[in-house]
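In what follows, chain A forms one complex with chain B and a second complex with chain C.
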Partner chain A sequence: MTGLEFYGVVLLVYLGTDLLAAWGLNLEFGVTGVANLAYIVVIAAGAYTYAVLTLGPDTSFGGFQQYVAGLHLPFALAVVAAAVVGAVVGVVIGVTGLKRIRQDYQAMVMLVISLMAATVVGADTGFLGGQSGLSLIPNPFSGLSAGVGDWAYVGMVAFACVVGYLVMRRFTGGPMGRALRAVRDDEHAAAAMGVSVVKMRLLSQAVGGAFGGVSGALLVAFIGGWSPGAWAYVETLALLTAIIVGGLGNDFGVSLGTFVITVLLLQGVQFLPEIRAHTGLTEALGWIVLGSLTIAFLAVRPQGVFRERRPRYHISDPAADEGGGAGTAMTPPV
Partner chain B sequence: MHLLIESIGFGVASGAVLSLGAVGFTLQFGISNLLNVTYGALMSLGAFLGLFLLGHGLNIWLAMVLGGLMIGASSVAFSRGLISPLTRRGLRPFSLVIVSVSAGIVLEYLIVVVAGPATQSYGNLSGATLRFWDFTLTSSQVIILVIAVALMLGLHLLLTRTQLGRAMRATSSNRTLAQSCGIATSRVSDLAWLISGTFCGMAGIALAITTESFDFTLGSLFLIPMIAAAVLGGVGQPYGAMVGGLVVGIATEVSAAYWSPAYESVIAFAILILMLLVRPRGLFGSGSARRLLA
Partner chain C sequence: MTPTGTSESSGRSSDQGPLPLLRVTDLVKHYGGVRAVDGVTFDVSPGTIAGVIGPNGAGKSTVLTVMSGFSPATSGRIEFDGVDITREPTDRRARRGLVRTFQIARVFEGLTALENLMVAVPHQRSRTARGLLLGKRFWGPEEDEIVAQAHQLMSTFGMADKANERAGNLSGGQRRAVEIMRVLMTRPKMLLVDEPMAGLNPRLVRQLEDVLVALRERGLTVLIIEHELDTVERICSEVLVMAWGKIIARGEMAELRTRREVQDAYVVG
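== the complex of A and B ==
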């Protein structure tokens, strides 16, 4: 496998896992309006769950890392478990957001939860490997030869994305999507119509969390290692930028935004040659462009490149029909 | 007992710096009703400016004042260039928080582009170690404490004895009413941002003095404890922020002594989350409903 081929494999795997994560965050924030700045925590929860369920007891490999559990579950089971843990963590985080306080205070609470999780996990060396994290996480295709195994992994991630997309459409389209959007646009009207606001918000957090958990698990099985450095609070910002730029609540827009931001911008720049004596320059430039994009879009076009498509219902009358189709979007929450 | 008193001493020293930053933060919140997360990046910028000035042979305390003023000017530019236009466009508070987080990231990585990601240090500026009763403090910590107290006293006098201070309090409390009274609120805002930005820069340099080494994430690391202090005291209340800074500082140091140093930031996080969820207006908050409404 050439270097370029491997580069392609890496980008595709990152694209797939980031898509799953972006769809989850879009479900929470774009569709339901839950300001979850702690989304990276559910991704981390999924990653750690997969790790501790497949690494085996922590005394193996000479016991250089310590963590809880330590089983040798098969790949599929560990991924499912990661999804479940992601959902649970998502709901727990969501419960803190139920208190009716100002939205920016809520955002602050989520941000601090994200920081707190990173600090606590990093500080406790016995829980999840502390600051150095966990490594030697098994890849399910490690038995195959290098080239075949990598492309098999890409195929599996693609399969997961197809399944994830279908699941997501189930939630963002149809009656469920309308109920979630109603909660976002006008809580009181939604409650008056009989939609349980609390249930909808927690449901979106659970499903979004499950998406994040699977994303984390798939990512960590490929990379083989995971530590608090990998899930700093800025990672949620990257995903948030992707869905804001792409178009909140628009499935296609979110997907395209994820491709542009997380793959081209953040991953792609890391493969550019480093300018001598200026380490970290390309990564820094990537973040600068990212932050500027977020500010620019929030200032000028908060709906994103592709606006959310809201169906407009009308009685079709051939005489008066001016042509229907997707109506104009209502102003999204951002 | 000795450990408790000693850690309280450390807490007062770190609390002084936290108070300095928290007062600046709460002034900005009072005048703009914005949770300005860029504050952390501005503190980092202050620390690096201080390093630059120090490298050109300036005395550290002069560098602190000068660096502080430069950050004050940057804060005015920030508020005039980014926050005011966006507020006029009608961006909601939540979007403004995202904007301020993004601006903070941009600023921090601009620092990396210019100065590199490596950790820096002011060198050993601690000075002599002073011991009285059971407290152990370095002379630079004592000087910072004195500077912080002096600044807060100055702010108190400004707010209560001068016309500008009255105008600032009025604008912070009810902007429209202040405008109706003929107060030039935009100019008062600029001055408030200048003062709070100066506090921000000085806090950043004070942090760099007291920590052995720092990098571009310095401000972000200490931002949350400062926000915790500001929220604890009641956002928009400078006196509350002063008390809050002390409380957070002492709580952090005592927990580090008795529990574990690795968890000391968790105490500040927990205080912040608890206050935001349980009593957002803080201990001394005026309770004005306007601030708390979604």
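== the complex of A and C ==
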């Protein structure tokens, strides 16, 4: 496998795992209206879950790292566990952050949760490896030759994306998506109509969290290492930008936004020449553009490039449409 | 609307007429040191339109906010259809059939007008775990019925041509109509309507009055808070006057207009 081919594999795995994460966050933010700035925590929870359930005892590799569990479960079981843990962590974050406060305050609470989680995990070296993190996390295709195993992994991530998209459509489309959007648009009016706002939000947090958990597990099984440096709060902002640019609540738009932001932009800046006098400026440029895009879209086109589409229903019986016309006339429904 | 004590509180009818659908007993609501509602007690009989009037700051909207569950009562008791709902959340009260509208019509702006109506239907199969698992083949037929029902209602209100319009693009009058239709889709027993005529032109006011009367004739119970006293006189059988967080008078509107304490409340309050 050539270096370029491997780079393509890496980009595809990144894209696939980012797509799963972006769809999960879009369900929470774009569809349900919860500005979950702690979303990276569920991704991290999934990654750590996969790691501690597959690494085996912490003495396996000479005891240079410490972590809980010490299990060596099969890949599929560990990914399912990562989804469950992601869902649980998502609900816990939801319960903590979704008190009766305004959305902007909710976002602040979520951001603080994200910072606290990274600090706690980073400080406790006996828990999940602290700041050093965990490494040598097993890849399910490590027994195959390099080229075959890598492409097999891409195929598996692609399969996960197809399944994930179909599952996500159950929540973002149809009547369930309608109810979630009602909560997003006006939680008081939704409650007044009998929609349980708490239940809807926690459902969204659970499903979004499960997607984040799977995303984290698939990512960490490929890259083989995970530490607090990999899940800084700004990673959530990258996903949020992808959603805002692509189109809030629009699955297709979010997918395209994820490709543009996480692959074209954040990977593309790495090909820019380094400015000698300002080391790191080139990489920072990606985040500068990302932040500027967010501000620009929120100011000029808050619905994103692809506006959320709503289904059009047509009357099967033309006679039922006789009342149409002025549009403001109200006559008694007798 | 009757003072508490004139109707029986059990689930059976009495010799004095139908049992109250809504019974509010000694309701108190404090905001810090402010007693916004100070010991309010009243009943609303089924199939009637009851009005609540009073000067600004009288506590009318606060009573409605507490009754609908948006704000907890400091003390007192609210019974609906024979059940104590004082501590129930808003959505559970709505599913019991006690549904409110808002002073400024609130619509789900990202949804179409038709979807605004569809989302209000209670107990939809699509919102169950089985519905999510089995998909459209499980909830499709029910969804078709909901679409037909919503279309029918929009046609009746003369808004069929706006069915697929985003609610955020509708005018104020159209939003008010969508809100009323959406409430009707919840299959309510009682409507709590907060100043529905605000911002509507006289033609729409009369049309909305006709709607409310027609709903009453179909057996729906309505409690309306309204500043337009002419509207209250035309459609309400009984009226409750509030001032300084208390009920200061009750009766028919024509008679209340002549009462000194009511006139004083409007002048002073």
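To be clear about the criterion, the second predicted complex is superposed on the first by the 302 of 334 C-alpha atoms of A that agree within 3 Å, B and C clash if a C-alpha of one lies under 4 Å from a C-alpha of the other, contacts with A are read in each partner's own complex, and residues count from 1 in each chain.
Just so it is clear, contacts are C-beta pairs under 8 Å (C-beta built on N, C-alpha and C of every residue); 3 or more make two chains touch, one makes a residue touch a chain.
Worth saying up front: this structure is predicted, and the values here are computed from it rather than measured.
> Quick one: classify A:Arg310 as touching chain B (first), chain C (second), both or neither.
second
> Taking the superposition on A as described, I'd like to know which of chain B and chain C A:Val91 touches: first, second, both or neither.
Touch partners of A:Val91: none, neither chain B nor chain C.
> Touch test for A:Ala158: chain B only (first), chain C only (second), both, or neither?
In the superposition, A:Ala158 touches no partner, neither chain B nor chain C.
> Identify the partner contact of A:Arg102: answer first if only chain B is touched, second if only chain C is, both if each is, neither if none is.
first
> Looking at the overlay, does A:Ser196 come into contact with chain B only (first), chain C only (second), both, or neither?
second
> Both chain B and chain C touch chain A; at which residues?
After superposing on chain A, chain A residues 334 contact both chain B and chain C.
> Quick one: which bits of chain C touch chain A in the complex? Just the residue numbers, please.
Interface residues on chain C, with respect to chain A: 68-70, 89-92, 94-95, 99-102, 106-112, 114-116, 118-120, 122, 124, 126-127, 131-132, 135-136, 139, 143, 147-148, 150-164, 166, 171, 173-174, 177, 179-180, 182-184, 186, 204, 207-208, 210-211, 213-215, 217-218.
> For chain A, which residues count as touching chain C in their complex?
170-171, 174-176, 178-179, 181-182, 184-186, 188-197, 249, 308, 310-313, 315-316, 320-334
> Considering only the defined contacts, which chain B positions touch chain A in the complex?
On the chain B side, the touching residues are 34-35, 37, 82, 85-86, 89, 91-99, 101-106, 109-110, 112-113, 116-117, 224, 227, 260, 262-263, 265-266, 269-270, 272-273, 276-277, 280, 291-294.
> Which positions of chain A touch chain B when the two form their complex?
Going by the criterion above, the answer is residues 35, 96, 99-109, 111-113, 115-116, 119-120, 122-124, 234, 237, 240-241, 244, 278-281, 284-285, 287-288, 290-292, 294-295, 298-299, 302, 334.
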